[in-house]
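First the structure, then my questions, so here it is.
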Amino acid sequence: MLGSYFKNIGAPGVYFPSLILLAFLAVAALVPNEFYLNLFFMIFMFAGMSGAWNIIGGYAGQISLGHAAFYGVGAYTSAVLFAKLGLPPVIGIFASMGGAVILAFIIGYPCLRLKGPFFTLATLAVAEVLQLLAVYFRGLTEGSEGLSIPYEPAWYNLIFESKNSYAVLAFGYMVLVLVITLVLERSKLGYQLTALRDEDQAAESLGVNTSRAKIAAFVLSGVLTALGAVIVSQYVLFLEPHSDFSVNVSVELALMSMVGGLGTAVGPLIGAAILIPLGEFLRAWVGGGIQGLHYVIYGCILILVVMFMPHGIKALVENKYQALIGLLPRFGAAARPQPEEEVHLHFESRETQAAKDGHPLIAAHEISKDFGGLRVLSGISFAVRPGEILGIIGPNGAGKTTLFNVLSGVYRPSSGRVEFDGQDITQIRRIHQVCHLGMGRTYQIVKPFGNMTVLDNVMVGAFCNQAGSATAREIALEVLALVGLLDKRSHEAKSLTLANMKRLEMARALATKPKLLLLDEVMAGLNPNEIDEAIKLIRDIRDYGSTVIVVEHVMRAIMSLSERIMVIAQGEKVTEGLPREVIADQRVIKAYLGDGFELA
Amino acid sequence: MRILKSALLMVALAALLIAPLGSAMAADEIKLGTIFSRTGPLANLGLDSWRGAELARIVQNQKGGLLGKKIVFINGDAPNPKAAVSETERLCTVEKVPVILGSFSSSISLAASAKANQHKVVYWELGGVGDKITERGLKYVFRTCPTGSDLGRDQLRFALGALADKIGKKPAQMKVASIYEDSAYGTACAAGIRDQAKKMGIKLAVDEAYNHKATDLSSLVMRVKAAKPDVILESSYENDAIMFFRQAQEAGLKVRQFVGSGGGMNMPGYQKALGKDISDYVCNVGYPGYNLNPKYAKGIKELEALYTKTFGEKPTSVFSVINYMGTMALWDVINRAGSMKPEALVKAALATDIPADKTILRFGIKFAGPGSKNMGQNVLARYFISQWQDGKLWIVSPAAAATPGRSLQVK
Amino acid sequence: MVLLQVLINGLFLGGVYALISLGLTLIFGVIRVINFAHGEILMISMYASFFCFSVLGLNPYLSLIIVIPGMFLVGVLVDQVIIRPIRNAPSYMQIFATVGLSVVLINLALVFFSGDYRSINLAFAKQVVHMGDIGISLSRLIVFISAIAVAWLVWLFLDRTDMGKQIRAIAQDRDAARLMGINPNKIYMITFGIGSAMVGLAGGLIMPLYYVFPSVGAYFVLTAFVVVVLGGLGNMVGALLGGLIIGVIDSLSGYYLDPALKEMVYFLVFLGVLLFKPSGLMGMIGAEEMGLK
């Protein structure tokens, strides 16, 4: 990271933002005006803390309105240790961060299973409980009277006489959060978070342990918030439960990310740089006049931004910024022009134990599935050999997708079991483990990670077996070449046509290097040409060593693809056999066309 | 849409540029800062407190100002302690005021005064009663009004003194319940009651905190009722005071007298909400209002007239009087200091010795000096006892200050 | 005897919570928006009731005839102006928009009405019927009965009328409902209106008991969230039950534990419900993932 930074320092896209940051640092270090310094301190701190919020709220898409809990715990831990025991905050800061880790686990482990508004409400409640506790245990926190932090300037107390020192410290904190965010963005965890934000279930199917990823993000976010809270409280020198655990703190952090650009590294910086001065300005300008007027304006801005600029100011100025970068000169020897990345088509599947032993790769034994009182699958058994292509057909509502969901561990069957390469799938609790065992799948209704590029989509899958970004990228490019999406790799997934989205689904699944690939109607809605390409692609995949199960309505495709076909209707297996046997079977025709229909 | 977006950007830019400019300083003006809750939950009392200071400014300007200059206020808004800190920051660094007046709320005062002290700006507390404000050894912080624990002290003294007399019980026979909201204000009063009880050897029958944001207090009422007290010493804000009283009535909780400690229990809204039920039934330890005996508090009628003329309505609370008095004391300090330099101001303040008959409230002003536990506190400050009678608060104790024709009543 | 009185107090308080929560749960369940400005709608209705009393001299119980339809219109307005443009946006945007609305409304109230606590001094509100040692406040009894009646009426409405059936259809599957020719925008608008009108009723009924000031809503709305989740998202009977349970918990823990800790007790109950039965008392398992019952 650092190496590549200095290698590219001559590029406008690198030196320009660096210069801006340096300018800010110079201001923080040199400006004598105390008002500006206070303003900059607040901007830097809130940019940093909002950046910390952004990790869980923006990247992972879990809106926390309880970050005041981290803020308060962080601030109080080090302040109590300092004020009561004399422990310097430089050491106390670690206790604060430790407190935040514990809190993140306590809230995160149970609450992150909850979705959307429920998570938001749970975090809100936690902050409320902590506020009440902080008021109640006045022996420790001085309760509502507030805790005054003694003013003893010293670097190890994080208390300074000069405001410049505070501003530089705050600047350092902001840059720390920024760097962590940038590293995160390019890491496995970053990809996984963005993926699960867009499509939780699809991410699981690609081997993402969504709970663990969310908790990791929550811990990181909480720790950084607590760190910031310590710095702020050593500046304000006064803590009070009603403002430090206040929901306003949480809302403010979220708001800055929202205004700047949710889920982007610079968004919180932009948000803080606009909202903090705006708040000061409104208070100075209209605050002394009519009561409450400035909050009316503040609230209106919030509503307008949400309604008219949902991607924040970053998206608004992005193009202009890029144009500006384009105008700037490049210094020094240009780094070697990126060669058109060579893509080797040497796709290999993982070895399977089943192939060695001569067992079936997957075998279903008497699977049944009930929803409430409704029996959707009853007593289905079948087996697939390694290297085979099995087609599954049946009329609408026959239970094909449900069967897929049972095979891939999304549903647990009501009875029966599924053995996959020597493992009982039905005993597995989490979908992502199925992926790690070597099963990939697509969804009938496509679930692309819409806000990520095509390449990034596939990389999420590649991370299933790879920790490093470089290798994951290589694998992803190979797979994209295989499915013919290489030229679209930098498009946003949501901009693709349906046919290409289906290709993308396959590419993602392939990138996990599956032993077995479950394809759920990947050809529905494609034109004849595209169907031919898809048939060829699936054959290629099999030739590279994957076993494939296809659910399909396009008869032409399934007949030419499948080595064997299984027919199910009304949740029961009708027959199983070679394509030409199956198509001639009276029961199959009945299943499709109804009882009264007899073939002439 | 584009226009809207550009407009938003423009506002943001404008904010960056205009915010620090502040107001231009004219040479013949003395600029002083004020920090009060002008918005937020405490806006009501905060604003009325500020009006007291504003009246003192108007009065002094009519007399020709200070040191030959007109006094100007830069009014800061502090809805919460966080905002108080940044407003103080602004007043100290942008407006460069030498003195800040505040601030009704103890939490806000605690946060703002610490910051002002760092900037070596004198913080002149007029109405915030939290004991801590003057217990931190801050050199530039002074308070003219009495403290929160003084409130509690005077509550219990009154209950076991004048009130017990009137009821005809010996102090030792009185069963006393103390309830208080759990923020800085109530906590301080309760501590004062507890200390005084210890000194007098009294055991409190109830000593309970509650959250003033609570939407229901019936369980607290039940607890108090179970203890069957003769008198309830209560420290509440307005909303919770109303709720407690109503729910006490609903539950049939009867005592001989409620003794509040200002806060919300001397507010017109409290009376409006509860009507004649509180008549002869609720006393208040606290700041006196405009109904002091004019023979005792000279000039009080004139002040009331000025209030009405200036703000276009009758005084909405009693807070303006004490804030007025404290601000007038500040003018005395500035005149004696002869300059607006912080060190000169502190020196003059520490030398203050205003006799009781020179102030409108008839208690003197003399600050505890360096080395004492409550440096900067006016050691001569004390409270008055008033009682709701026929829809109004009348001073009933001390007897000399009592509104003509009024005295302590019990049901 | 004390226990009985504490329980009655708790149930009556629960009636207040339930009444406020019913509208929230309806909006929550059908439109799938957490309305963070719900408390402010309560605040508006309390002011409306107050001004009907102080300016027009209308008894607060009588002024419900004005307040309820008025709040219906306010709800429709909020839905069409604020919610409609972001109907299909991710939930966080709706959270932000309603939080913004809440800030605006609180402070507009401050601008227009100042921070004064305003209340109605009604002789009726103080009437208490004594049965032995037990006191029963008539106005609280009215709130309690109204909560039950409203829950029942809305349930009837949803179950029996065409409009109600359409609302339920939308709540269950908005795409399918649209295919069946239901105009979702109209349904959402009406639902928001009905939800707000219910809060209007709540505001009018509690005005004689409480007092109104600009941030009064915040005091109630967090409790209302707790009630709604406890009862099960979008479930009327659940909200009623949840409100009563929270009221009783509030009262019991305040009396037997410590008045300063009672909020904490029910927030802990709330967290417990979220963790162990996120669908709430009356919700179906898995409802929290669907966002409704």
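Every chain is named by a letter (A, B and C) in the order it is written, and numbering of its residues begins at 1.
We adopt the following convention: a contact is a pair of C-beta atoms (placed from the backbone, for glycine too) under 8 Å apart; a residue touches a chain by one contact, two chains touch by 3 or more.
From a predicted model like this one, the values you see are computed outputs, not experimental measurements.
If you draw each protein chain as a dot and join the dots that touch, every dot ends up joined to every other dot.
Taking the mean of all protein C-alpha atoms as the reference point, the chain centroid lying nearest to it belongs to C. Note: centroid distance subunit B to subunit C, computed from Cα atoms, is 36 Å.
For the pair subunit A and subunit B, the distance between C-alpha centroids works out to 52 Å.
Counting only residues that touch two or more partner chains, subunit C has 107, 110, 114-115, 260, 263. Shared interface positions of subunit B, defined as residues touching 2 or more other chains, are 39, 43, 47, 182, 211. Shown for subunit A are the residues that touch two or more other chains, namely 132, 135-136, 291-292, 295, 301.
Note for the complex: subunit B touches subunit C at residues 39-44, 47, 182, 208-211, 213-220, 222-223, 226, 238-239, 242-243, 246, 249-252, 264, 267, 269, 272-275, 277.
Interface residues of subunit A, counted against subunit C in their complex, comprise 57, 61, 63, 65, 110-111, 114-118, 120-122, 124-126, 128-129, 132-133, 135-136, 251, 254-255, 258, 262, 290-293, 295-296, 298-303, 306-307, 310.
Subunit C makes touch with subunit A in their complex at residues 28, 34, 82, 85-86, 89-93, 95-97, 99-104, 106-111, 114-115, 214, 222, 225-226, 229, 260-261, 263-264, 267-268, 270-271, 274-275, 278, 288-289, 291.
Subunit B meets subunit A in the complex at residues 1, 4-5, 8-9, 11-12, 14-16, 18-20, 22, 38-39, 43, 47, 74-77, 80-83, 85-87, 89-90, 92-94, 106-107, 110-111, 114-115, 118, 130, 132, 136, 182-184, 187-188, 211. Interface residues of subunit A, counted against subunit B in their complex, comprise 33-36, 38-39, 42, 132, 135-136, 138, 143-146, 148, 151, 236-238, 240, 242-243, 246, 248, 274, 277-278, 280-285, 287-288, 291-292, 294-295, 301, 304-305, 308-309, 313, 316.
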